[in-house]
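Before we start, here is the structure in question, set down as structure tokens.
Should a chain be cited, it is by its letter among A, B, C and D, assigned in written order, with residues numbered from 1 in that chain.
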Amino acid sequence: MIVVLKNPVSESKREELIAWLRSKQLQVHLSEGHYHTVLGLVGDTSRIDTDMLEGLEIVEKVQRISEPFKKANRKFHEDDTVITVGNTQIGGSGFALMAGPCSVESREQLTEVAFAVQKAGATVLRGGAFKPRTSPYAFQGLRGDGIDLLQEAKKETGLPIVTEIMNAEHLPLFENVDIIQVGARNMQNFELLKELGHTDKPILLKRGLANTVSELLMSAEYIMAGGNENAILCERGIRTFETCTRNTLDLSAVAVLKELSHLPVIVDPSHATGVAKYVKPMALAAVAAGADGLMIEVHNDPAHALCDGPQSLTPEQFAELAVSIRKVREALV
Amino acid sequence: MIVVLKNPVSESKREELIAWLRSKQLQVHLSEGHYHTVLGLVGDTSRIDTDMLEGLEIVEKVQRISEPFKKANRKFHEDDTVITVGNTQIGGSGFALMAGPCSVESREQLTEVAFAVQKAGATVLRGGAFKPRTSPYAFQGLRGDGIDLLQEAKKETGLPIVTEIMNAEHLPLFENVDIIQVGARNMQNFELLKELGHTDKPILLKRGLANTVSELLMSAEYIMAGGNENAILCERGIRTFETCTRNTLDLSAVAVLKELSHLPVIVDPSHATGVAKYVKPMALAAVAAGADGLMIEVHNDPAHALCDGPQSLTPEQFAELAVSIRKVREALV
Amino acid sequence: MIVVLKNPVSESKREELIAWLRSKQLQVHLSEGHYHTVLGLVGDTSRIDTDMLEGLEIVEKVQRISEPFKKANRKFHEDDTVITVGNTQIGGSGFALMAGPCSVESREQLTEVAFAVQKAGATVLRGGAFKPRTSPYAFQGLRGDGIDLLQEAKKETGLPIVTEIMNAEHLPLFENVDIIQVGARNMQNFELLKELGHTDKPILLKRGLANTVSELLMSAEYIMAGGNENAILCERGIRTFETCTRNTLDLSAVAVLKELSHLPVIVDPSHATGVAKYVKPMALAAVAAGADGLMIEVHNDPAHALCDGPQSLTPEQFAELAVSIRKVREALV
Amino acid sequence: MIVVLKNPVSESKREELIAWLRSKQLQVHLSEGHYHTVLGLVGDTSRIDTDMLEGLEIVEKVQRISEPFKKANRKFHEDDTVITVGNTQIGGSGFALMAGPCSVESREQLTEVAFAVQKAGATVLRGGAFKPRTSPYAFQGLRGDGIDLLQEAKKETGLPIVTEIMNAEHLPLFENVDIIQVGARNMQNFELLKELGHTDKPILLKRGLANTVSELLMSAEYIMAGGNENAILCERGIRTFETCTRNTLDLSAVAVLKELSHLPVIVDPSHATGVAKYVKPMALAAVAAGADGLMIEVHNDPAHALCDGPQSLTPEQFAELAVSIRKVREALV
């Protein structure tokens, strides 16, 4: 950690600060320049609050050199984390193909889609029971009933299921859910993350619309700090000035996350683009960028979906996509 | 609402859609062009789900002409909403000056700041008890104890208090809190908003870092739809590519919000800029832009604040700012 | 085009407007609602200035339904444009692999890199002679001498060359350049675009850091409106809040551009990411997203490049990438 | 400047780098940590190319502590730069009120507006002769004829004039123009900036839509490095995800620019918001934020302006605004 002091700085205040830093078991290296005095801190700086340091009257700025995340950091955990749900491995050499409807609407709808995506090669069934909607007047999901329907579909197909949680109080309903999803809008709902850190369920953590890669890792750190190391990261598009797609899918983030962290990284091209015809190219691009899995919306009747219809593939389109995914994955070996 | 149909479109499907729209009590006006067929819908389109319409196979795009928010909409509620807490009126001709420390740290700290800001003209005492922090290893606030300290300061000074909630389960702790704040990261925590809609407390709703003015109004609508019409909107900076300030304070949003909605709009220049020296110019700019109030961080010893120190004013700086605020407000009459 | 009128609106002004629009050979369809009156315009609206219409006192807003670009529009030119330089075809089923150093530095450097990338499969040699640099104190390129060196390398290898122009006055120097590049910062230097529209050279137009897909197409339209239909579009990252890569590579833009336009679309992952280790995954992702080509920085000694070194591949890394590109392309067939 | 080395690092390469840095007259301070080795450079680092340093194989990252701009830097030029045009002083205690039509359209239009804004208190007449337009099919301005009309209006009113240049070849036409404007889209047209650096005209440099405060200062540095120290900075809104105003006016940038630089800073609320009704609150907010001037669009008949009409004030609205500006300025003393 680098601490740049204001100039001129009173020598006594500077010495006071250095003494305090040394009391924290840090080595302090001093460089005096004409315009700036710089302290280089060596040792475990993770417990030093950069905000507090910057608040000191004599400090101009503070720059971290080490990343502030630890449990999610590949530097301290070189091997890929591999998370097993059902017969699927997420991370390492495994590839997770999660598919299903945006919202669970009915038994018929869900079963039909579940069998269709399973046949095409999906390894996890997705479906929204609790739906975060911008408008209070829009359909909010079947909630508990939706989870019941997912469990039935799981029994029938054997596919593990993933669905979104919006409130820690609903946790008992998720007992038989295989992967709990935290949506983009809740990525920094720290109270929820803490609760999930006390479970042992795999948590699929979606990147917030305006959150950096570093903040995504810090939110994973909240879950892991609680004892639950089964975090799965998900890139699903960020908010930019461009409006030709709903969000801007940031595939570089996949490469960066794979480098910085050992956690699995999957991509959701359906929500990112918001347009069915762009799902295939972006899904294949995500695979080529090194993603450990995909989450794709599939609907048996996109034209009548209760929500987010425009971005859903038909089962036929999904089956075709699944073939292309396999081919691209083979090309990458 | 305008519905643009794909071209060519089957006449039977088009007629089916028109019939369905008419069954929703809407008038439908048809314009056929060479490249597009357009339906103009007249009537109450608020219950029409644009997502669903766009999902229809024959639809190319849907454009709303009316705003999707109702209770927060000035078109249906011309007069400014005025919210009274203690002796202060927020909205209308009133001006709310909220001030206090970022985090509540101790009885001494809080009391000292509370008396200082009151003397300078603050009308509401702010202070964080529950603190949303990016890192799980950072100070998370005094939580319940912080709220106790705020209530003591309220008793001593008579100032109403505002503090942030992060979890609906904590609501009982907020019984004697005058204004409940929802932080930027929870602006779209819809489960929390719904719960707050069932209370009768004024809710200070901060704009999310990547949320539009329209989404802020929709989140206020969640609170109001539950029966609680005491929403206060707060602009606190959005995330952009610029890094010279922590966030980019969007003061145009004040002018836009005042036009679109009857709800009071306040501004938080402390979090937006993250730098004490920019708080004064931005506070005055917010006043000139038409804000109904300000939320300012003040600390008795900014150099040792446990969090967010760099953006806090000293009581002396705050007193000076309060004088300038009054002068600018008078100049605007 | 949809014109929404303010409400209430004077009938005489409305009739005046309708008469004027009809005088422009447009059909006008009128829908009157309780809150809004809407005019639907049918016909060739391309010459109608939306700004002027919005400026009319009785108009609330104007929404275009058709795209404002024509010559670049796939609706009016269904087949892919294919541009031939040397033995390479850009667009259609061809794939252009452009590679070379960021800056031309010396004859030795350029020749060595040129032969190396040719051997690995590059079809176009890139190299910067005129360099746009943020700082006036930074190396500005070898300018005219750089172009001379590129021409020598072209003679030796037979590879066509692409290099950036920053000033229309330099056009005579580009006589033997095969593809003229317009950099991101000049994407809306309309005076330059107009001049290039009067040449017959292929123009590689890079997307500006804050420009939309639609604006990129409008800038291509400037070139094409002048008579030069040989425009090549290039996605090279946009500016967002994320800082872990230099810019955010927007690969969805590739899919959108391929749909909206018949022009070839290439991707520059080197400048977008700014980091050599992310170039390979992003290059492969671009191929999977449907790009018609790539532009890759290669340096014989990245550790000593005079500019932009950190994002350059070694010739060995490039050769390995070229093999992977071929494999992914084959997987997509 | 701080140079962080990779770990582990070969001692010989490290010593080679240190020797090279010392040959550049820099003092080098070495701190060795468990995870990183850090070099602190003291001395004039302005000629060190950070890109080149980062390109070295043994370097992990480089962080500048000093700003890369010099002539525009307040650290080396404490007093405000004051630029005099006609009877107006821009910078220091002066306040420049620039007003006029977006586009020069005719002698009658320009003269009428010029006399009206002069009467209301404007000190500089603005008007576009060369117009940068997104579409090649839109009105491009009266060009040379527009400049002639501006000069006539200058003769009649005595007001100095400001108008935009788009091409260095047009410089002879600007001989009698008092302030040459560089538009947002040309902020990084470095060839144009260099040419303007060789003139002695005041240059009004608008911030690019996606450019940082630091890049704006570097572009001013291009002008100043050429010998022309009469640069005026202009904030006119940046591009963000928010669409309720055309751009997001970044008023914090005013406070930051005034701190970092001695150059005058003005604000253009007309283009930033794109909506006439938001011009007044944003103009007053800019004054309160400390701007040295404003640039406001005024049209004698906004409803028929050929371009950008929606954001223009009537002369009556402008006169009213001018009164409020004076009041707010007095309140700030």
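The working rule: a contact is a pair of C-beta atoms (placed from the backbone, for glycine too) under 8 Å apart; a residue touches a chain by one contact, two chains touch by 3 or more.
Values in this document were obtained by computation on a predicted structure and should not be read as measured data.
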C-D or B-C - the one linked by more C-beta pairs in contact: C-D
Chain at maximum distance from chain C, centres defined as averaged CA atoms: B
Intercentroid distance (Cα basis), chain C paired with chain B, Å: 39
Euclidean distance of C-alpha centroids - chain A vs chain C, Å: 31
Chain C and chain D, separation of their C-alpha mean positions in angstrom: 26
Contacts with two or more other chains, residues of chain A listed in rising order: 210, 238-241, 243
Complex contacts: residues of chain D adjacent to chain C: 46-47, 49, 51-52, 54-57, 68, 132-139, 166-169, 185-186, 188-191, 194, 208-210, 215, 218, 221-222, 225-226, 238-239, 302-310, 312
Sites on chain D touched by chain B in the complex: 210, 212-214, 238, 240-245, 248-256, 259, 272-273, 277-278, 281-282, 284-290, 324, 327-328, 330-332
Residues of chain A touching chain D in the complex: 2, 4, 27, 29-36, 38, 40, 42-43, 63, 65-66, 75, 239-241, 243
